[in-house]
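See the structures that follow.
There are two complexes below, and they share chain A, which is joined by chain B in the first and by chain C in the second.
And then the complex of A and B:
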């Protein structure tokens, strides 16, 4: 009876994992077929991969677009990790009477949808003269409430005696943070880093609104414009999506172990 | 000391931000002062963008000092950008020329008055298909330059129809009820469905309504759904198409076009822009033909309609309006050869009537068994009833297709449409 139950579990898990992996398989197969083959539902690999890549390179300045995305994602991830971890650390470690009220207020702002902020943000950045600049894409992403919350939660399991010991040893506050806290919280940084990188890499609405010229566009904007057509070149779109997915997959696999630890909130 | 330090850091940061802003501001101003530069926003790299690139090339030959930048966005993205920009009240960042889908034209013109350049008299609008000019007119002023047409046709597989005993003459100027009868015979004799239809897609209903000179809104923009004979009749035909078994249910664009390419269905009634997708399947060359769009059995209904299509608009905030208007006028408003080129290379049917007697329009097309399809489309285009799309086409469309399941299940058409009308009303307030 136990065996039957066990094998049911495996059959169910196999089907579930097949379903979740299917879009990726289809994406890769699609990248090797023509648009008409994809429309007709062909599920086997074709011979059009090179052609599709050629067409994509003709339609889009791919290296530039990937560079734009990478630059934005890396800068905003680094700044976000620094700012959010400083804030999370500060909220958890330091004592202040109004700390929790400020924190509560911050959490409340998570409820405001981005669509409501878009027009004021657009006005603000236009007035600052930052329209069509990557700085304008990066700035609103470098301090998110969710990340501050994430760091504060993880800091709860951080051993405070370490800080006291560091103070006694004569370390300055910023030294305690950079030499004691940061190395101890590696897993948290890794998990937050993956989330921040992926969010920034996939960011769509704000770059769409604030960027104006083709030379500044990111990969997500380019994929979106490729798919809006009377006759969409699905094969070319699939190639672009495969290329756009690779960096996030790569980073995830590199940091997978740390990511799981970080999400569990462990401190090493 | 600490406080002093943090104050200093703050001051440095603020100065950096303000400085950054000032330098970029200057940059924007200097480029805007350049009279000869125009920026254009459009969608579809293989169609609108490619055509605009061609227009740019022709114009720059005679006007080498002008600089033209064409920026490509997805259609929905472009609309989102335009709305945000116009709603924010800042004109910085807006392009000089923008492509707008005809269904949304009035929404932009009425929601953002003064934002678009009045082109009345600056261009010979009488040279364009009248229904297109009607869509971009507000208070007797014409705001756009008509571009591609969505004139519709009834594309059919000659082999399947012949097998069922029909010749081209039998398919001329029919009603939708006759179409259903033909479809039943095709299904009987060939086992093929007559058409592929998404039960939640309003495209075909818009084709039916437009052919009867009607829309979700009347000429004054008032909602006209529950008691609209054309909508009631279209809803009845939708149900009949499924009940008779001649419609193959599909979901989404890919499956719908796939049904044509795989030879699963015998016909499709839609805009001329489908030609590229039909022709993409080379093995079916010579097996297709196009007949006039079936009409509703209502007084005044004609065998011509429209689905989709878009037009060019000049923004009033542009610093180079003169150049922008001249560019559109020189290419889209008078260059007959240009229209021949884009028809041959991109399959684009423009709505500029003088171009339609050109060689490309009168050429026989082997794919369609030697039929002069584009000359036929030009003829139908001029018969399309001129209507006003109002401001909320997509909202009305969504509301009606929200209640269509009730109709498919045998519910009262009048009751269902009343519900849909109430819903649109609440959205309009």
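And then the complex of A and C:
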């Protein structure tokens, strides 16, 4: 009985894993096939990879598009980590009744859906003359309340005696933050960094609203517009999807351990 | 006396210094979250197309009641929410509790594989699913070969199956994400509690029901609120997978509120006032649902 139960567990987890991984295999195989083969459900690799890459390069300025995505994602990740960690640290280390109330208010704003913000934000950036600019894509994403929450939760496990020691040693408060807090919280930064980078790299709705000229567009926008054609060139699109997914997969595998550690900290 | 005074001064100094740390975040959240949400509320009482706006009172709300497209979008969004969130969260909880077993082999592999979908962009996986769920596509081919179905299913063009496809797609993307939160929570539970229960003769289902679920209540609450917010904002998937149902035989079979707001603002003749009204419906629904979830899930003593 116990053995049957045990093997059921493995079968269930194997099926779940297969379902989770299958679309990735599908996307890599698809990148080597023609659109017709993909639509017909061909599951073996083909010989069209080079051709698909060539077609993609003819259809879009790929280096520029990737550069746009990378620039936006890196700048917003760095700024977001700085701003959110400062705030998370500030709320937890310098606790006071008023700050706790302000923090509670901030958490409430987490429930505001982006749909309710996008029209006023669009009008605001239009007035500022920032329509079709990367600045407008980045700005609303760098103050994410979830990240402030994430850093505050993780700061609870930060050893406060280090702060006392730093104060005795005559370090200024901001020095304590940059020289002691930041290096000890590497895992938290790594986890938050992965989430922030992926969110920005994969962002769709807001860039879709703000970015209008082709030269400004990100990889996500390009993939979406390629697939909305009447006869989508799936082989070409799959190549684009593989390229767009590679950075996030790489980052995930490189920092996986840190990532899981960081997530653990957030629910303590 | 002098020392206490000095102590108080230092305390005040640190309190003031603390504000500096949170200042930038507060300014930005105020500018890009709080100001827009208030602005949106004001906008929802205005009417007009393009640049000219005039006060319209409750006119926009009246319009909601006769707007069949809005009602379709509302209905669709609710269907997605009611089916998708419970399916996904129970699946995530089940997988997490299986993975929490210390004796389980290949744990790292299973965890990584099941988490992997989370790294894809919503747009990319929607298009992958679109290519897989075509009429002649791989999913129908496999299901026919396994004799699960006799005829291919029109996954993307049938109004019912199009909704099912969207639900399958979102579940694929987010189950692993929620699983990680549950796994993290499970690791904070002392294994001795489980051992004691096992000695007392509690079966695995009993242990799951009376230890795992109550201990994870705050995390379940957190994930269910986050998923609720996510599902009610559904946009990328429906736009890229089924074009909001424009490709289905019945128009708008998967149109969501978010997509309708987008269409009202950027696709049709822009009517920001009415679009803002629709967006406030989402705010309202989230507020009500979050309140209900807090009531159901958050015992006062467990809130921390």
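Methods note: the second predicted complex is superposed on the first by the 260 of 268 C-alpha atoms of A that agree within 3 Å, B and C clash if a C-alpha of one lies under 4 Å from a C-alpha of the other, contacts with A are read in each partner's own complex, and residues count from 1 in each chain.
In this text, a residue touches a chain if its C-beta (ideal position, glycine included) is under 8 Å from a C-beta of that chain, and two chains touch if they have at least 3 such contacts.
Bear in mind the structure is a predicted one, so any value in this text is a computation, not a measurement.
Per the definitions stated earlier, placing chain B and chain C onto a shared chain A by superposition produces a clash between them. After overlaying the two complexes on the shared chain, residue contacts for A:128 are found with chain B alone; chain C is out of touch.
Using the contact criterion defined above for the overlaid structures, shared-chain residue A:179 touches neither chain B nor chain C, since it reaches no partner. Of the two partner chains placed around the shared chain by superposition, chain B and chain C are both touched by A:41. Once the two complexes are overlaid on the shared chain, A:118 sits against chain B and chain C alike. Once chain A of one complex is fitted onto chain A of the other, the partner contacts of A:220 are limited to chain C, with no touch recorded for chain B. Of the two partner chains placed around the shared chain by superposition, chain C is the only one that A:27 touches, whereas chain B remains out of contact. Of the two partner chains, chain C is the only one that A:248 touches; chain B does not reach it. Within the superposed three-chain model, A:209 lies in touch with chain B and with chain C [touch as defined at top].
Residue by residue along chain A, chain B and chain C are tallied for touches, and C comes out ahead.
Of 26-34, 80-88, 242-250 or 296-304, the segment of chain C running into chain B after the two structures are fitted on chain A is 242-250.
Common to the chain B and chain C interfaces on chain A are residues 38-41, 118-119, 122-123, 205, 209, 224, 227-228, 232, 234. The touching residues of chain C, when paired with chain A in their complex, are 14-15, 17-22, 24-26, 28-29, 32-37, 39-40, 43, 95, 98-99, 101, 104-106, 109-110, 112-125, 127-132, 134, 136-142, 172, 176, 180-181, 184-185, 187-188, 204, 219, 222, 225, 229, 232-233, 235-236, 239-240, 243, 257-258, 261-262, 265-266, 272, 275-276, 279-280, 282-283, 286-287, 290. Listing the residues of chain A that touch chain B in their complex gives 35-36, 38-41, 59, 118-119, 122-123, 126-133, 135, 205, 208-209, 212-214, 221, 224-234.
Remark: chain A residues 5, 9-10, 12-14, 16-17, 19-21, 23-24, 26-27, 30, 38-41, 43, 83-84, 86-87, 89-91, 93-96, 99, 102, 106, 109-124, 139-140, 142-143, 145, 148, 173, 177, 198, 201-202, 204-205, 209, 220, 223-224, 227-228, 232, 234, 237-238, 241, 244-245, 248-249, 252, 256, 260, 263-264, 266-268 touch chain C in the complex. Against chain A, in their complex, chain B makes its touches with residues 17, 20-28, 39, 43-47, 69, 71-77, 80-81, 84-85, 87-90, 92-93, 253-254, 257-258, 261-262, 273-274, 276-277, 280-281.
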